[in-house]
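Which chain is which? They are A, B and C, in the order written, and residues in each are numbered from 1.
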Amino acid sequence: MSAAGGAVQAQPEPLDESETRRRPYGLLLVAAPVLLVGWLVIWPIVSAVIRTLWQPADDGGYEFTLETYVFFFSDRYSLDNLTVTLWTTGMCALFLLVICLPISLYLRFSVGRLPAYVQSLAIFPMFVPSIILAYAFIRVLGPNGMVDILLNAVGLPKIRTPYLTPWGPVIGLVWDNIPLTVLILLSGLGNVSNQAIEAARDVGARWLQVLWYIILPRIGNSILVALSFSVLGIFSSFTLPYVLGPAAPEMMGPFMQRTFRDVNDPQMAITQAVITFGFCIVFGLFYVRSVARNRGK
Amino acid sequence: MAETLTIPRGRIDFPGIGFAIVLSAVIIFPLIVVGTWAFTEVWRYPNVVPQQFGLRFWNQTLSRADVWSALTLSLQLSTVVTLLSAAICLPAAYAFARMTFPGRNVLFFSFLAGHAFPKFGLLVAIAAIFLQLNLIGTFWGVVLIQLVGTLLFMIWIPVAAFQSVDRRMEEAARDVGASPLRVFWSITLPQAGPTIAAAVLLSFVGTFYETEGAWLIGAPGIRTMPVLMITFINNQMVIQYGAVLSVLLWVPSFIALLFARRIIGGGAFARGFGG
Amino acid sequence: MARLDIANVTKLFGATRAVDDFSITVTDGELVCLLGPSGSGKSTLLRMIGGFEKPTYGSMTIDGEEVIHLPPEKRPTGMVFQSHALWSHMNVFKNIAFGLKLRRLPKAEITQRVEAVLDLVGLKGFGERLTHQLSGGQQQRVALARSLVLEPKILLLDEPFASLDQHLRERLREEVRDIQQRLKITTLFVTHAQDEALSVADRIVVLRDGRTEQIAKPAEVYRTPATPFVAGFIGQMNLISGVVSEGEFGHSAFNVPVAVADGPATLAVRPEALTLKPASGVGMGHVHRVTDYGTHAMIDVELPDGERLKSMMPTADEWSSMQQVDLVPGAFALYRDNAAIYRADVGTPPRKAPSRTRGTVNA
């Protein structure tokens, strides 16, 4: 302790300043993208809500009003559009689950070249721009498309083409969303250990029981994330419904676009936007929570 | 261990064959049809194969002025957006990965906000603001809206890349006499480089194909390649125009496919989406 | 060739004292091992010398020059990391040459110096290899070469062999010792393995909770550990708590005469200094287990109060489980208040403690 005598007398100033003083250079570096998000994501949403609820009154001031919302929910045409959007979203979610879950399960429990091929096929649509997909759809399933040609060649009647019917966007959107759904489900299935399944098999569980009692409970969260992500994308999708869907009723995406550009009624368009936010808020919050929790690990 | 769960050797992998056939038919077949149309001069219903192959429509498509102006415009837009995005996002990504500052986590997750709302609804809300700023139908209006779309990718992927660089490698470089800037240039950047390059490429290709923002904000003044495609399809012009453009447009996407495989294979991609 | 002076260095992480008032002088060409369990502050200390952490208080000089405010790149130190930290985007040659290039040496000289150091670490001709094409041992040699090529005044080794297997570790530490002796480079070597410290060090610093327990030559640390912690950490040691009263260390099983003041104390005796003999009558304890190592045998003896002591005997033959035995300590030490208060080189036969439950038999 004698050597320490010098240090004991009145604590000297610490040499290490970073403990006491932290310069927020980091804030400076992240400022630009953060401000951009604030200006072009947060602010438009807030402003959209405000602008539709407080509208210019006759006396020149602003007053609280639900006028545009009341109009939307009493307008037959708007309600039809909303219904077809909900129907399309539901159908897509259902089909995505039915198609992607078996693919993911197969990929998780197989090794070799065939599964590798299946996986690259399942991911492939991610690299096909939706506009090319739309074009391909028309050439294959459209009137006198490739399917009609082949059916005709073997002497069968033509199909009733889904082009320009509500089924058009459903097929296109499912095709477009397969890759991410498969990837998210696969990532979830990665958390199911082989040992957990072997232990279940060991105590006598059959494959269906393993699926129901062991696998599904573990990937429940991933399924919900995959569905949330698809729903957020599909609910307000634009390109595929615009090109492949019927003119009326139309999905919210094309509807908003038409209201904004062709009808030139921005006020009504943002009302429709706020309504889509409302319908998706649960999925959005769930999605953000899951991603944040995932990154936090 | 895995063997007991997988299909034993020698047994035929029926589910695999089934998936492979169905997915090939559903995913590859339509694209082959498009490819065939691009090189077809005459194909009348109900022939199974085209009556006449040829490159006539390539000449016709490529001699259209609107195709060239759309292509140049799309390339300009993608380049400007990607460069801007890299310029503001990469330093931010480095800060998120390596520095501590107040509000770091909240700000980091704020980039998710753009993905927590239905995209087109958000675009309409932005368009309403651009309307007041007279940005509708302008080049920079489209740049801004597409820039916002690249933020999440261009921050989250590079952050993961920077974080995966071993700190000891950087310290070892300091130890042999490199200044912090030199360490970043000679060690950190090359280590994180491939992943960052993939993110930049993804953002370029993503911007190139971005349709909705360009359509809503850009029209009628700004006509990008995908927007032109939509008009071709809607106006039911010569079928081959769409096919030729599809094949042309497919090229950047194919390059992206080759490069991005390493990111997507790593599963990091799916985790980024919350999987 | 350099001298390192560390005076009263303290490092605080928040409220925890990672290093607490540490001082040492390392002389020219000396190899000093910093030895301690994980969390003892040894790595923090090394990182402070390298410049990667800044001490909260204290001073550090190399050849009399204060270095505490210098960043790592300005310090004449070279560090070898546990994870080797080779730059995987450069080949072996470029890894080693990077530091020389920063110093703007002519190309020919860089090549010549890199070749020389590769030869020194036994990797002649490996320059074009990529780092992942090397084995763990080779990677660590490259890391060593990368530091040595810059001829640092002080070489810092942070558990360099921790991730290697036992056999390779022993070979590499001998090589490092040889190189260090040949270059006469002042070296600090952090390790948590006592055998590593005992075999390569000129001096050992034993650290615990950021504080120095002992600084001494390896033999001294082993033979005369300054504190019970050092005694227990280096080699095997029996530590027995008891009380000194009227010149005798007393424990429930046996008493030993010691010339120290009365009070509680801990007796430390190495297994090889604790001999057994068959008990005459009821012994001080009984054999719990006999482990035969071939070269010697380790006998675990259980005392009546349940405490177990280890005794090292030449053979296992004479001993069997449950056999009653008496203990004869040879050299031992007595500790009180974390310091040695008594050392006995030759054992005095212990007296068996008077037992209240059984009849007393004097040995």
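Basically, a contact is a pair of C-beta atoms (placed from the backbone, for glycine too) under 8 Å apart; a residue touches a chain by one contact, two chains touch by 3 or more.
For clarity, every value in this text was computed on a predicted model and none was experimentally measured.
Centroid analysis (C-alpha atoms only) places C farthest from chain A.
Among the inter-chain contacts, the highest number of C-beta pairs connects A-B. We define each chain's centre as the mean of its Cα atoms; on that basis chain A and chain B are separated by 16 Å. Put simply, the C-alpha centre of chain A and that of chain C have 57 angstrom between them. The multi-chain contact residues of chain A, meaning those touching 2 or more other chains, do not exist; every residue touches at most one other chain. Contact residues of chain C toward chain B in the complex are 50-52, 71-74, 77-79, 81-83, 85-89, 98-99, 102-103, 143, 146-147, 150.
Interface of chain A with chain B (complex): residues 22, 24-27, 29-30, 32-34, 36-38, 40-45, 47-48, 51, 102-103, 106, 109-112, 114-115, 117-118, 121-140, 144, 146, 148-150, 152-153, 175, 180, 183-188, 190, 194-195, 197-198, 222, 225-226, 228-229, 232-233, 235-239, 242-243, 252-253, 256-257, 260-261, 266, 269-270, 272-274, 276-277, 280, 284-285, 287-288, 290-292, 294-295. Those residues of chain B that touch chain A in the shared complex are 1-2, 4-7, 13, 15-17, 19-20, 23-24, 26-31, 33-34, 37, 45-48, 88-89, 91-92, 94-96, 99-104, 107-122, 124-129, 131, 144-145, 147-148, 151, 155, 209, 211-212, 215-216, 219, 226, 229-230, 233-234, 239, 242-243, 246, 249-250, 253-254, 256-257, 260, 264, 267, 269-275. Residues 166, 168-169, 171-179, 182, 186-187, 190-191, 193 of chain B are the ones that touch chain C when the two sit in their complex.
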